[in-house]
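Just below sit the structures, each encoded as structure tokens.
First chain A sits with chain B, and in the next complex the same chain sits with chain C.
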Partner chain A sequence: MRRAGSCGSDVQWCFTQVKGTTDLDVSEADIISTVEFNHTGELLATGDKGGRVVIFQREQETKNQPHRQGEYNVYSTFQSHEPEFDYLKSLEIEEKINKIRWLPQQNAAHFLLSTNDKTIKLWKVSERDKRPEGYNLKDEEGRMKDLSTVTVLQVPVLKPMDLMVEVTPRKIFANAHTYHINSISVNSDCETYMSADDLRINLWHLGITDRSFNIVDIKPVDMEELTEVITAAEFHPHHCNLLVYSSSKGTLRLCDMRAAALCDKHAKLFEEPEDPSNRFFFSEITSSVSDVKFSHSGRYMMTRDYLTVKVWDLNMETKPIEIYQIHDYLRSKLCSLYENDCIFDKFECAWNGSDRLLLNSDFTIPFKPGFPEYS
Partner chain B sequence: MYCKRTLICTSFRYMLAKGTKRKFSEHEDGLEGKVSCGHGPSKVSYTLQRQAIFNISIMKLYQQQPLMEPSLKKTVLINNMLRRIQEELKREGNLRPVFIAPSQSSDTLNDNYRDVQPAFNHFASPPAQVTSTTPPDLCLTPASVLEEDAFSSCHTVTLGPSKPQNHLQKDTFSSALDEIEELCPSSTTTDSKISREQSSEGGNEKPEEVQENRPSETRFADPLPGNFEITTTSFLTDLTLDDILFADIDTSMYDFDPCASATGPSSKMTAVTADDILKTLSPYSSQSVTPSQPFKMDLAELDHIMEVLVGS
Partner chain C sequence: MAAIGFPLGKGVKRKRHEDDGQTAAACTPQTFHCGTLLDISLLKLHQNCVLAERNLHRSVLIANTLRRLQAEVHWENGRNEMLNKMPLPPPEKPTSQPVSKMGEEITDLNNNLARAPSPSLTEPPFCLLSGNDSSLSSAISTILQDLDFVEDLSPPPDQASPEDDHLLPLKPASPDPRAEPKPPDSIFAAFEIADSDDFLIDGSLDAIFEDIDTSMYDVQQGFPAGACPTIQPIKASRGTPSAKPHNSRTDITELENLMDLLVG
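Let's turn to the complex of A and B:
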């Protein structure tokens, strides 16, 4: 199905592909829970509630149709997480994939991190299109040869074969989170990454699985005083010591890891002052930030809450520089949305490659056209 | 300029029922049909909406999937909502004052008792019923409040590993505790000590989180103005928590199995302990009471209690 719409003078949007099913009845396990492009845009990974990851690859642009954007085809599918049972608490641990993050590519293989509520896994995605043939001791099926038939020594040669995509688990980072992991973010140093749950953020080394460092902890001594949780976190794209995390109260905290081992004290606090005349029952719930992303330049941050997208300048903590209302018409329906839990839905946002467009996910329409140019 | 990346956007939604897409129904009555959301509503509609949101919030906290850990963010947001409503009510002066006007006749007092509705007894009822009177034997005494959920959980809490049902029961128990705590300022430390014991026995984070509900549920009686929220609890002011909870409850009448589920044995326990509670209360109120009869308080008794409180 193709549909063209225009927004702005130089951007045209086309609805190119639909993956999956458009039936009304889908099995719960097939519901996509997270989506992530890799850095070049060649690969698209999706995670679903059944713990599977499906990777799509963009087909190469052909000489015949250079303007046509490549279509995405299934590249690989694998089971990332399985449902588990916490015997201590008598609770199930969902296999739903909460987040996928690609590592910057350093060789022919691709690496990605996928996480459910409790465990993060590092996967290696590699291609195999050749295989060795002509072993001396084994035949083509791998069975041992009868040595009496071997008369000549040969050197095995690599012969082309059908492309095979292998996905192997390389590391499993487990048992570091008491609460549900909501975010992972790879550092610009390409050696460390962080994982954030509702109350804590841990720093890992990509090569070390048996320990992590806690860098943020907002758990109060008395849990009854808990009024705020961490909702999203991300590393700065260039400064490996800076990270930002958002809260359910709509605040953003920029932390500098050079200041202290435990970054409980923020370096900057970004909070829009509440307008008392505009306060309503669901002010706090709708202000809870569901996603935060740095721009590629590193100068700006974008946050998504239930009704708005806000763009912040790192140099100004007092208020955002842009606010976009997403579905303001829902303001009068918040009671029902609270009743059926829709108000707790999480939406994501993203910058395009040149930081000129903001994109966000929504539930009413397939996608929302980009906002006015932003640079 | 074409956008370089072709995006396949998805909506991130969590389904409520297995296998069906959640749709916002246009015919959903909801609450919007009845009240507006904070833009210049009348006082009554605002109050009704607040009460409705309160009821919904309570329902949400109790509707937890049996085997899955509830979302902490959701729990915290709902708790904050309840707390805010509670503070608003406090500011408006709708919480029950401890004193009662001496000129009140006992008949009026009895009427007030009947009107009082501990909020979480009615969390399942629609908002319109907030102001209706309920059968007298449902909402009279703190014991009737306690008996429903709390004391059946009192013993299950102390036993064995905490199961998901226990969190629900712990919560109502601690909310009942809170109600008593409110009446007995001197016993605050006892209360928090008990709740700490509960949470340490639970051995995990969840009971502590769920116990956040405590302040909110028990403080709401009828939010409409003009209603005396004098409850029968006022007569308990000179009691301490220990007196009520741990005084001479005859535990020999039932046996409790640490591994038993909450349904069978505890329902039996419920019936038994309610009687026990009321019997233990009788020495303090110097009246013999049975669960089915409305609680009648002598005016002189009330005066006496008032004097004790006022310190005159």
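Let's turn to the complex of A and C:
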């Protein structure tokens, strides 16, 4: 077990930008609930509790300062989700954005999925820097011309205009989740994606909105026997048939969709044996996995729970290959954290582009540097 | 890393209170009491279930904590009774696994056997139990029974199809004072909410709308059928104030179609 804090000498961390306000008094709606880079790192999407998505774009690197990281500027802002009220169930549906996932870019436009507790939406982000002029039947304002005034035919031409970013909703995937959606993950086939709630995982086709396939269902027949829920799920980066989902009891289940239509039976179960000398009353709560991510290579997985970051090798189910204590000093304060609900906070984790660094969110510092490389 | 003085990890829950330091100092692993923890857990569970936005994950974690507390209390009561009756060494510590109301082990992912037992709360450094355990046990039983009743807050449906597990919360369990105090399992019945579509495609539509006053749709009174918003009679029967604008037009459209069928 390697302790965090042994910083690599070649890694230097510093803030390059702060977006948003540093004012202590911020409105609830402005609180950021999720962030996600696209695959190239050029775009950064943030979702907030007010249902808005703000996309930042990195500046092009200049020849004068080729080694300086480009700054991120606001690229587009749009309202993704609105608050809803389910009359039949007498429940409010929050507009808070739970997750954003970018689709692999296939043309000039960018596509992303955003989800709140119940509905997933596919958005197209495209640029327009030219507009056609010289219509025969419409004038410059778009009104129909009087045909008697049209005496000559002309070919419309494209003329440059100020760059305009258009964000349009392309698909809305609704009414498939009874419980709160906690994860979405785009498959490597670029055609399907999955959405996971507390008890079920559904498989969608990106082009079909009126149906989805349920591939995991852990809901017991008798809800009184419910002791465990799904906390996160992700597709394998290369094998379109493999997915992993984590549970509130700290387990990971790797499922193969080729085995059966309903992947209730896992192909592999990753579970760390309990250390009798290291158990404490709140160990079950702190072992609940809040995030799981495959490495880009597909060989490893990283999980984040309340106190640790763990790295797993897909070839070894018995225990993680690395465990990093994030804030061990909180072990003696778990009672207070339970009382003030902080023990239920969820944190995320991520691999850097080369799988050399593990990143995780924390209470006080955003990144934890200095992890060994995994390639 | 530059020292910047803005709260990076700021969240609404993390505003410091004046007695935070005192609470933290008093709540060491060796000193927090079962009763306090139980009260906190039950309060959280109750608050979570009455919120419009229920969090199933959080409820499961709190319920599991309550089950462990209850199991420890029962074990401790059993041990104390044994010690009072016979001056023998205490029995081997039983498993502290969460148990269902039938005394069976609760399964992982709701199917598999539970894992190895968690550490006993009476073992150092977590000497959790203190005070009168028999009274605590009865207090827990009472609280859990009340919780079973309180947690069934979702309006009970008119019909329940046993084949379709998407339908309907479970009925509240009637408290049996002779039975073992039940763990707070019935709180999850509140999450057993039906899909909206199931209500609309159910065969017994008459039963759904039997309490709705449709006299305003009487054609003889010169009131054209389907002219009024179909949401109105439902609001009148329930006496609820007008709700926020609803973005889901599908439900309203389906309700309108059903009302057209009813009024001919």
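FYI, the second predicted complex is superposed on the first by the 357 of 375 C-alpha atoms of A that agree within 3 Å, B and C clash if a C-alpha of one lies under 4 Å from a C-alpha of the other, contacts with A are read in each partner's own complex, and residues count from 1 in each chain.
Here, a contact is a pair of C-beta atoms (placed from the backbone, for glycine too) under 8 Å apart; a residue touches a chain by one contact, two chains touch by 3 or more.
These numbers come from a predicted model, not from an experiment.
**Q** Just from the overlay, do chain B and chain C fit on chain A, or is there a clash?
**A** Result for chain B and chain C: clash.
**Q** Which partner does A:Glu92 reach: the first (chain B), the second (chain C), both, or neither?
**A** After superposing on A, A:Glu92 lies in contact with both chain B and chain C.
**Q** Considering only touches as defined above, state whether A:Gln17 meets chain B (first), chain C (second), both or neither.
**A** first
**Q** Give one of first, second, both or neither to describe whether A:Tyr135 is in contact with chain B, with chain C, with both, or with none.
**A** After superposition on chain A, A:Tyr135 lies in contact with neither partner.
**Q** With both complexes superposed on chain A, which partner does A:Tyr72 reach: first (chain B), second (chain C), both or neither?
**A** The answer is first: A:Tyr72 touches chain B but not chain C.
**Q** Counting only touches as set out at the top, which of chain B and chain C does A:Tyr329 meet: first, second, both, neither?
**A** neither
**Q** Touching A:Ile32, do we find chain B (first), chain C (second), both, or neither?
**A** It touches chain B, and chain C stays clear.
**Q** Under the stated touch criterion, which partner chain does A:Tyr338 make contact with: chain B (first), chain C (second), both, or neither?
**A** both
**Q** Could you say whether A:Asn352 touches chain B, chain C, both of them, or neither, answering first, second, both or neither?
**A** first
**Q** May I ask you to decide whether A:Leu44 touches chain B, chain C, both, or neither, giving the answer as first, second, both or neither?
**A** So A:Leu44 only meets chain B here.
**Q** Quick one: from 133-141, 223-231, 277-285 or 295-303, give me the piece of chain B that collides with chain C in the overlay.
**A** 223-231
**Q** Where on chain A do the contacts with chain B and the contacts with chain C coincide?
**A** Touching chain B and chain C on chain A: residues 13-14, 18, 24, 28, 31, 88-92, 94, 117, 178-180, 198-199, 223-224, 226-229, 231, 248, 279-282, 284-285, 288, 332-333, 335-336, 338-342, 344-345, 362-363, 366.
**Q** Can you tell me which positions in chain B touch chain A when the two form their complex?
**A** It comes out as residues 1-16, 18-22, 24, 28, 30-32, 35-39, 49-50, 52-53, 56, 60, 67-69, 71-74, 76-77, 79-81, 83-84, 161, 163-164, 199, 204-206, 208-209, 211-212, 214.
**Q** Touching chain A in the complex: which residues of chain C?
**A** 1-2, 4, 6-14, 20, 23-24, 27-29, 32, 37, 40, 44, 52-58, 60-61, 63-65, 68, 98, 100-101, 106-111, 114-116, 118-119, 121, 126, 128, 154-155, 165-166, 170, 185-186, 188-189, 191-197, 199, 231, 234, 243-244, 246-248, 250-251
**Q** Show which residues of chain A lie in contact with chain C when the two form their complex.
**A** Chain A reaches chain C through residues 13-15, 18, 22, 24, 28, 31, 82-92, 94, 117, 174-175, 178-180, 182, 198-199, 218-221, 223-229, 231, 247-249, 251, 253, 264, 271, 273-274, 276, 279-285, 288, 332-333, 335-336, 338-342, 344-345, 362-366.
**Q** Where on chain A is chain B touching in the complex?
**A** My answer: residues 10-14, 16-19, 24-28, 31-35, 37, 41, 44, 46, 56, 58, 67, 69-70, 72, 88-94, 117, 178-180, 198-199, 222-224, 226-229, 231, 248, 279-282, 284-285, 288, 331-342, 344-348, 352-353, 357, 359, 361-363, 366-367, 370.
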